[in-house]
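Below you'll find the structures, each written out as structure tokens.
Heads up, the next two complexes both have chain A, just with different partners, chain B and then chain C.
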Partner chain A sequence: MSGYLSGVLAILCINLIFAYGIFVPAAAGQINLGGAGFQAIGAYGTAWLSSVAMWPVWITIPASMLVAGLIGFLLSFPVLRTRGVYMVLATFAFGEVVAGFLLRTEFFGGAIGMVVPAHVGLPVLACCAVSVILLTFYLMATRFGLLMRSVNDDEAVAVLMGVNVRAIQVAAFTIGGALAGLSGALYAHNFSFVEAQYFNSFLSIYVLLFVLIGGVQTVWGPLVGTSIFTLLPEVMRIGGSWRYVVFGAVIVLMMMLRPQGLVTRAMIERVSPRRLRLRRAVVGGSHGR
Partner chain B sequence: MTNKPSLARYRPTIQASAVIGVLIAALLIAAVTFGAQTMARLIVSGLMLGSIYMTVAVAFTLTIGVLNFLNFTIPTLFMLTGMVAWGLVAKGYVKFADGWAWLAALAVGVATAVVASLLVERFTFRYLKMKYGDATEHAIPLVSSLGFLLIFENLVLIFLGSESQRFAVPFNADIHIGGLVVGVPQIVSCALAIAIVATLSFILKNTRTGRALRTIGESPDTASLLGVEVDKVVPVVFILTGLLAGVAGALFTVNYGDVSPFMGDNVGTKAIAAMVLGGVGSIWGSIAGGFIIGVIETLSIYVFGGDSVQMVVWGLLLLIIIVRPQGLFATVSFAKAKM
Partner chain C sequence: MADKAALALKGVTKRFGGLTVADALSFEVPAGSRMALIGPNGAGKTTVFNLISGVFPLDSGTIMLDGTPLENMPPRLRVGAGLARSFQNIRLMPHLSVVENVMLGQHVLVKGFASLLSPLAWQRGSRWRQFAEASLRDAGIDVDPDSEVSILPYGVRKRIEVVRALMSRPRLLMLDEPAAGLNPRETAELSAFLKSIAQNGLTLLVVEHDMSFVHDLCDLTVVLNFGRMIYDGPTRAVQDNEEVRAAYLGRRRVLTRGTYPAA
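Right after this comes the complex of A and B.
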């Protein structure tokens, strides 16, 4: 496997985990525009643990994932009091504060960044990405996933139905933070270097866009969105800034024509085997007379 | 039944006064520490900077107040004005030496911002299909505006380069007021910004279009039932947005002489913070917020150095959203700010 290809696949795996970290809160109705902040926490946490405390890889990654999740948990309380525009602004502000803090603090290397000694290769990344995707599929199939979807669809009705909306939202936000942190930790160990300038607001914006364009109604959405927007520019050899112009244009077109995203619940249901069996049974029954 | 006077009615006023009190106390402490001369200089330059933030903040607040739409393209429109004006000079269409040519370049820049704003309107709001039953549907115009942000900013990067450029206006006069040196262009721009915003406030309160805008802000469906032609009035918001952001960009270019494809991001941050501080949906709140943020920025650069500003402003914004999301002047908002 060429170095270029493995590089692209590594970015794809990291982006996928990050995207699912944004997807889980979004599926519960919360837009997190500060994902880069959580990724930075995961990345810098693991960088520090690895280079200063000299912990081995299989401890640093879960540890920084836990830290990111914890910060997500703590942040969720004030942030979840807000809705709509305010939530977007609050999460955006959080991302900027984290990036600004890491840029300024000499403890974390300041503007120079930190070197990460331990290296993690593509197989580990791929394993983690696949596990995260499978876990999310499982999560959305549980009762918790159903409750999340109900909160997303209509919060007022969910409350009336006796759903503990606050708990669901806090849990979703925490899981999202933890996953974003995990993606950061893997990024740190794969690239062997972290710098604060990388975790800027544009990174948060891009990943949120991957998820929203893919569709937040089903678990396939982020997979489709991230894969398309990570792989397509490479495949089409569009260079530099034109890549983003095309990306921007695609976003505008998507929001005009198909704002619910590429993959919707209706689309999945139409091709689901259960539905096909039902349809065949109904059609077969009425024709059989 | 005892008639216990309820303090709850006065809580917003108490909160706002407390915040203002803290700010004034901080200013006084700073004044004593730095000396009156330095303090006056810092406050004056803070107010000049604040006039620019305030104009952009008003653009944000207008769009959110009327359309419930956080328009991320506003900082880009700000940047477009400066970069287009510089581009005209750089490509030779405008020669600096010809008298007021630089003003023409800036005017073209502002016009570009307005056109870009109308483009955004055409492709976000016109095609908007609100689907009920999805908590993220409010994000659709916001996401579209992010798309436009990417398009505009990267087109500028492609055609005009990524470097910071000089746009030195051949016009520099200073006046001295009691030991302070203030540039005439700065005073003019401050006055201009205030005039524009005051006019906007007047328009909103007294003209038919202004009333229509306020009605749409309260409830678009009711407005439409009452005979407001929503399709004709909404573009007005975008024209005003383009004008405000454009003029702010032009003023910034004249006053600081530097343009870059990234000049919008910085100002956008502080304008959003100013808007939230003053109260989303309130024009006078944005004005006050703009000036406050301007002064805070100047002071914090003086005390902590240039790098800290972003963190201070964003941290302040996060704090405000957590503690008092309605901002200082929420009660005077001209439309219901949708929380």
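Right after this comes the complex of A and C.
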């Protein structure tokens, strides 16, 4: 495998994990525009544990994931008091605060950044990405997943059904923070270097777009959205800066033509084997649907 | 324990700014009875449902469900106390399938972390799903349980909402205009279904405009007008009540005074 290809695939794995970290809270109705903040926490946590504390990789990654999850848990309480566009702004502010803090703190290398000695290669990244995707599929198939989707659909009715909406939202935000932290930890180990400028607001915006354009109704959405928008610019690299124009136009077109995202629940249902069997039975039977 | 009331409201008052939407309401729904809550538009019927289920807090008064005070209980715990309701404008979860909506209604019966984290959607034979599908069948709802709710006819969605409310095994079921928008056949089926479930000790409180449905289903009726209770008694006598007729039609002397132009 060429260095270029494995580099692109490494970014794809990291972006996928990152995107699922944004998807889980989004599935429960929370838009997190501070994703880069959580990724930075994971990356810097790993960088510090690896270079200063000299811990091995199998401790640094879970540890920084835990730290990002814990910060997500603590942050969820003030953030969940806000809704709609104010939640977007609150999470955006969080991302900026984290980046600013890291840039100004000598302890974390300041503007120079940090070198991460231990390297983690593509196979580990791929395993982690596959595990995260499978875990999210599992999570959304559980009753907890059902409750998250209910909270997203109609919070007021969910309360009257006896659902502890706050607990569901806190859990979703915490899981999201931990996954974004994991993506940051893997980024740090793969790129061997972290700097605060990388975790800027563009990163948060891009990953949120991957998820929203892919669609939050099903677990397939972020997979499709992230894959397209990570690989497409690489394919179009020949076009120079024009690829950003195309990228922007695609986003505007998506918002106009398919605001619910590329992949919808109805679409998955249409191609599911069970439904195809049913349709064949109906066509053969007496009445249509 | 003198009187077996499933639900007892005492002095329930709610104001929105200067508007009193519930004015010292006191009435009791006897256990096992089927009571109608009627009144002209804007009388405060849905508001009473919202106060009982906890959408709004009370200004004053008490609400007792089987002797348990509800007024200070968080809304989400009231389901566990035995209360379930439907909504005037259908509030099914639009992106959940029929069976998922019904399974959401089971939430308060689900205990423990393990059931929360078992992959329900992959277990077609799980007891929760079978319970939900059987309940849909019992209610005469013959649709694919995996279909999207938004594509179903109004009458079907209306009945799915009743089934969802029943999933928590409530002792008091509050239905907000269950027959609105149903055709006569569906209305008759709904009435028969509600009578059959009410035989197992379930108490019904129903807001409804369709008086023939009310007469068929409910033995007792409470009439509200401008947030005040103007009648509390048997359904068969409600139309003979002078104040109720005045609330719906206006006072007779107003009509005879010739305020309406001759046709």
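Please note the rule applied: the second predicted complex is superposed on the first by the 282 of 289 C-alpha atoms of A that agree within 3 Å, B and C clash if a C-alpha of one lies under 4 Å from a C-alpha of the other, contacts with A are read in each partner's own complex, and residues count from 1 in each chain.
Methods note: contacts are C-beta pairs under 8 Å (C-beta built on N, C-alpha and C of every residue); 3 or more make two chains touch, one makes a residue touch a chain.
As the structure is a prediction and not an experimental result, all values here were calculated from the model.
Three-chain overlay on chain A, with chain B and chain C fitting side by side and no clash. Of the two partner chains placed by superposition, only chain C is touched by A:144; chain B is not. Of the two partner chains placed by superposition, only chain B is touched by A:93; chain C is not.
Of the two partner chains placed by the overlay, only chain C lies in contact with A:269; chain B stays clear of it.
When the two complexes are overlaid on their common chain A, residue A:248 makes contact with chain B while staying clear of chain C. After overlaying the two complexes on the shared chain, residue contacts for A:153 are found with chain B and with chain C alike. When the two structures are aligned on the shared chain, A:85 is found in touch with chain B, with no touch to chain C. In the superposition on chain A, A:205 makes contact with chain B only, while chain C stays out of contact range.
When chain B and chain C are set side by side, the one touching more residues of chain A is B. Superposition on the common chain A brings chain B within a closest Cα-Cα distance of 6 Å of chain C. Taken together, the two structures place residues 152-154 of chain A in contact with chain B in one case and with chain C in the other.
On chain A, the positions that touch chain C within their shared complex are 138, 140-147, 149-150, 152-154, 156-165, 217, 265-266, 269, 274-275, 278, 289. Contact residues of chain A toward chain B in the complex are 26, 29-31, 78-79, 81-86, 88-90, 93-94, 96-97, 100-101, 103-104, 151-155, 201, 205, 208-209, 212, 216, 240-242, 244-245, 247-252, 255-257, 259-260.
Interface residues of chain B facing chain A in the complex, by the touch rule stated above, are 64, 68, 70, 123-124, 127, 129, 131, 133-144, 146-151, 153-155, 157-158, 265, 269, 272, 276, 280, 307-308, 310-311, 314-315, 317-318, 321-322, 325, 338-339. Of all residues in chain C, those touching chain A in their complex are 53-55, 75-80, 85, 87, 91, 93-96, 100, 103-105, 107-108, 110, 115-122, 128, 144, 146, 148, 164, 168.
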